[in-house]
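Quick one: structure below, then a few questions.
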Amino acid sequence: MTITQSAGEDFPPMPAWEIAQWFNTPHALQVEDLRGKVVMLHTFQMLCPACVLHAIPQAQRVRKAFPLAEVAVVGLHTVFEHHEAMRPQALDAFIHEFRLAFPVGVDKPADTGPLPRTMSRLNLQGTPSILLLDRQGRIRLQHFGKIDDLELGALLGRLMAQA
Amino acid sequence: MTITQSAGEDFPPMPAWEIAQWFNTPHALQVEDLRGKVVMLHTFQMLCPACVLHAIPQAQRVRKAFPLAEVAVVGLHTVFEHHEAMRPQALDAFIHEFRLAFPVGVDKPADTGPLPRTMSRLNLQGTPSILLLDRQGRIRLQHFGKIDDLELGALLGRLMAQA
Amino acid sequence: MTITQSAGEDFPPMPAWEIAQWFNTPHALQVEDLRGKVVMLHTFQMLCPACVLHAIPQAQRVRKAFPLAEVAVVGLHTVFEHHEAMRPQALDAFIHEFRLAFPVGVDKPADTGPLPRTMSRLNLQGTPSILLLDRQGRIRLQHFGKIDDLELGALLGRLMAQA
Amino acid sequence: MTITQSAGEDFPPMPAWEIAQWFNTPHALQVEDLRGKVVMLHTFQMLCPACVLHAIPQAQRVRKAFPLAEVAVVGLHTVFEHHEAMRPQALDAFIHEFRLAFPVGVDKPADTGPLPRTMSRLNLQGTPSILLLDRQGRIRLQHFGKIDDLELGALLGRLMAQA
């Protein structure tokens, strides 16, 4: 749960995400566009109970607690099951009803297999998962499942304190 | 919020519901099948935040707290908006993921207009709404929005105490 | 957790309580004064965490949810440990700060031993404990520890429904 | 709620506290003993509802979430009302029952007036109040009332990141 600390500061760079469609943003976002900010990548599925009951409200709280210029919250809809029930049109209704206040990208389906492309590339274990990127776009936390507000806040605070 | 009390005990009978499809029950349920039990009819939409965050967990708690022979919990999926996103196939995934432990019927769409048939017939104001039926199948509470566990429990207890 | 049901309706009558001092009531209360109402006897200690964090807020909710004419909530301060720290003067400050909105009686210390008199008489196992009395003053529930709002509400509703 | 930022980094140093009695520590603590650690000074009264229901559980979570070598949590019992009910003997029972897992000092009563000495010196507005000190022992946050875990975590994280 703690930020990976390596001697040589060899944190892996966040690879590009592959997005089929964006919501809540006037134009497509690239990882590089967020350089200079701390980034919380919140990966979820709209029909995943732990996402809806815990991780999405937490992502909303993070969006509200920190200035846009300091922390970017980006949702990534990584559908790997019940694909028919979680198409972009349904996600649009979900985002509207739950009043999500941050950009959400739809992880691009793969040519074969249920896992979407960014999810595979990042080797995510399921939803919800959180990735935290430092201001240089390096992955400093990758966590599957719940994380407490206190710990998440401390990780964000640490990263905000770094140039 | 209190149970309607009329001098002559003139409580309206629950009208028949019109169901397009059932989940979590081996055969279609009729209102009359539940005669003799207290019934909690929990009307919801799978993409309604107050339903997902409050009313559905409460319906699950009611299911768990009281014996099947005493209290029947029946879900009614009354889709009146975002129809494309809440089709029965999506509801099926939702029921599975949220592990709903009670029968759920899909309120039958009307020939015209967004409101489904049972919702119109009952003149429901939105979701979530709760209806409580006494052992004679009469409507003793119809409530739109949240209701506390303590008050809901007291209403159920009162109805359970009546022959 | 369910109300005791005996064939011959042989529910034990609530014995008299022995109170050293009352708070939040202009005159001493006797069990008989409450005949005709459903009574929730909430036994607690002001320095018991499960009382402060769970049972006292619940007792306050019960007081607020039901009319005074139907449900009486009575607190009983059953000090059986840390006697020096929970004297009536400290309880007075506690009642004031936590804004308890129901009468509270101090269970009378015994001549010998740490257990106060009413606690011994009722054979209570600890705090918090709840007793529910029906309108005839008979004990219908005696429960040590937490109880959910839904179950407590149902028990109160059942008892309110009885003449 | 945000950490004070001054151009010249002129953060006030934490003054010495005056403690009548310590609990949960084998020897008296001085502010200087904690130099090098981030310090959360949690000021409370054992009969203050917002302390008991919110701030004390939060202080316990902070103690649990971060290593002792990084974050020191110190309780300060600043009794300014109901003095008779919150004497050290009562506090001892409280600490035991609520299983407080950090050192707690009793703020020394003043010669005159209800406010204890450290409380006056720090000009605290009431309880609960939180002070955060950086590794140099400078006051970086002084906050009266509730603060969310996410914000508190971020402040602690920022301070932990600083040498």
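Structure notes:
By letter and in written order, the chains are A, B, C and D; residue numbering begins at 1 in each of them.
Rule of thumb we're sticking to: contacts are C-beta pairs under 8 Å (C-beta built on N, C-alpha and C of every residue); 3 or more make two chains touch, one makes a residue touch a chain.
The shown structure was predicted, so the numbers you read here are calculated from the model rather than taken from an experiment.
Annotation: 35 Å between the Cα-based centres of chain A and chain D.
For the pair chain B and chain D, the distance between mean C-alpha positions equals 50 Å. Contact of a single residue of chain B with at least two other chains is seen at no position.
Chain contacts here close into one cycle, and each chain has exactly two touching partners. Applying the touch definition to all chain combinations yields A-B, A-D, B-C, C-D.
Residues of chain D touching chain C in their complex: 47-49, 52-53, 81-82, 84-86, 89-90, 92-94, 96-99. Interface residues of chain D, counted against chain A in their complex, comprise 61-62, 65-66, 148-162.
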